[in-house]
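My structure is below; once you've seen it, I'll send some questions.
In this document, chain identifiers A, B and C correspond to the written order of the chains, with residue numbering beginning at 1 in each.
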């Protein structure tokens, strides 16, 4: 990967409307900033589209818009978040990601060196994942019309034969596995916002999960579904699966791992970690007979070392998620109502 | 009604402020309501202000009572000091 | 987390629950009200109802400052937010509470008002200092736990000579609410046997404040901490008092609560605030001497003086049973609107607008018959 060419003396420090205008300044930005960083044969052709052969297997396609604020946070930035997030959407189908597409909406006035940092981060993420960014687009909007940078990423992937992951396939008796600690990304983002005024060692868990997924489906092709609990947190992802499959769940609170610093931050602010975003974790629903094997496979992978069995799918016409608390009581783990906001009461 | 949490004072700052710690999380809070607080003491934090100091001895006593309850042996004992004398903290036996 | 996790010990919780089971007299029901919304939330979050013997019936009290704030005051806050040059600052709890036309502060923000969520009122003073050309109004709510913070913020603003910092004051008093809850009935408090007293309000006002209520209405009151073991221990203490027909004020949370409370905090509150003659509480009606306003000496920080606001009537949804639910006389699930028309996403009444309101807590944590604890 080549790094973007540094901004030469005498050149502008900031993005200007002309950079999105389609003329020379645009072309230079694209060449020096993006193509150089994302460097691959398809992109080097500089067509408006990337051409490739279609594998004979089933294909999946996904797209995401990323509007995170702040742009930079402990453990990542909007760029790496965008790449990882889209790769994970592909991975949750049990698919292997093939190609990425990226489009940028840049706010007039953002620093070129900030953009460079974001682009470098995306290039690193793409290269580490082995998935090239083969086509893209850039537009510039007036100051105030975007939060610095909006990034949209899309990807396609191919699904191995025999793999059929879908949120409507969970059945009573299935085991629910979680790949690691929850709430890390949510707290990392909050800690980077001045208005809440706390410091913590927590870093975002943003990571590409497709290699972990590849090992998992190879070991246990009969996995019913996988989901990464991003916006809305673990609670939301579990409720979604219940609703799609028409089942209930019983979760063991003691089996759900939460890093101590995440717990502390949540206590301080009055937040519930079950509703905070995770960007490098997944839930897998698996037939009981294969659960042990799947868990062992997950734990053998760097991104699944903290994996645990957190619960079981139940028969429930109301399709609710119940939580057995550490004290032994039972309560609902309901859908999120609105954004999680810090409370005083 | 009110979310308030014990935090340890780890640095005293100017202007009635202190840095406190809950686990590994640090926060700067206002200590104007507990001006005599010392480093290492625990305070109860609510909306960015320390409301009161936590008494470690009283905390230990409460925990000891809770642990003794697991023996489930009836026992009458006098309670902790109460300068006011109006009510006492009761034992749970 | 020190002084938190020890009070969540599962094994101790089970033995305490067993001790309560052994302490309750056969055939007797103990109707215990936790006054504070934070306690309501904690009880459900840990699944305590499933751990307690059936003889214990938990009733949920009105100690939720978000819940009992009249809709008209929310309307006024939204109106203030829309005034030119104003930055309306608020704790997170108030941002999603709907006003009369179902608008919230968050929606007002979407429509262009400058509404900002802050963790601390202290940050609003700092903001006022940084932006002298804007009017910073803080939407102050809360019982006595939160009031000292507002007092200190106003004093700091005064010391800094700020002329652009204002407080829209909605602070409420706990003993007055307790009294109103019990007094307002031909048979005062007949549906309640004892109270779990609020942890952090008591930290500020002390335990002596409850003596009158305990004596007058002959109900035991045990001040309890926030952790599950605190609540369970307090319930055991109440059961024991009721068994021996005592009605004392006891302090389970004595690691934090002192009999006289925090005198310094009380002094600051007395310095800055005075009593309103009366205040209309949502659900509980008008209560005399139950709410605070800024003293004339601090008039320059009083949003209500600086920004004239129209008096508005508060209209509740017909069929809303909050007045009875707030008093612990009706179970949330018994309200005809509960979980049908009235949900946390679309709250129609006081008890649903806050996460720790009785209806919201039951909805989020316990709205369907749950399996027996395993």
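Note that in this section a contact is a pair of C-beta atoms (placed from the backbone, for glycine too) under 8 Å apart; a residue touches a chain by one contact, two chains touch by 3 or more.
It should be emphasised that the depicted structure is a prediction, and the values quoted were computed from it without experimental measurement.
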Next on the checklist: Between A-C and B-C, which chain pair is linked by the larger number of C-beta contacts?
Outcome noted: B-C
Next on the checklist: Farthest chain from chain C, going by the mean of C-alpha atoms per chain?
Outcome noted: A
Checklist entry - chain A to chain B: how many Å between their CA centres? => result 40
Checklist entry - Rounded to the nearest whole Å, what is the centre-to-centre distance of chain A and chain C, using the mean of the C-alpha atoms as each centre? => result 38
Checklist entry - Whole-Å distance, chain B centre to chain C centre, using C-alpha means? => result 21
Next on the checklist: Multi-chain contacts only, two chains or more: what residues does chain B have there?
Outcome noted: 1-3, 5, 22-23, 46-48
Item to check | Contacts with two or more other chains, residues of chain C listed in rising order | outcome: 1, 4, 37-38, 64-65, 91, 119-120, 123, 142, 146, 356
Checklist entry - At which residue positions does chain A touch at least two other chains? => result 197, 260, 263-264, 267, 270, 343-345
Checklist entry - Which residues, counting only chain C, touch chain B once they are in their complex? => result 1-4, 6-7, 9, 11-12, 15-16, 18-19, 22, 36-39, 63-65, 91, 119-123, 142-143, 145-146, 148-149, 152, 198-201, 203-204, 207-208, 211, 226, 229, 233, 236-237, 240, 248-252, 254-260, 262, 264-265, 268, 356
Item to check | Contact footprint of chain C on chain B as seen in their complex | outcome: 1-6, 8, 22-23, 30, 32-35, 42, 44, 46-49, 51-52, 54-56, 58-59, 61-63, 65-67, 69-70, 72, 80, 82-84, 86-90, 92
Item to check | Touch list for chain B against partner chain A, complex | outcome: 1-3, 5, 7, 22-28, 45-48
Item to check | Residue ranges of chain A in contact with chain C within the complex | outcome: 195-197, 250, 260, 263-264, 267, 269-270, 318, 320, 322-332, 334, 337-338, 341-345
Item to check | Complex contacts: residues of chain C adjacent to chain A | outcome: 1, 4, 8, 10, 13-14, 37-38, 41, 44-51, 64-66, 91-93, 95-96, 116-120, 123, 142, 146, 228, 343-345, 354-356, 363-368, 370-374
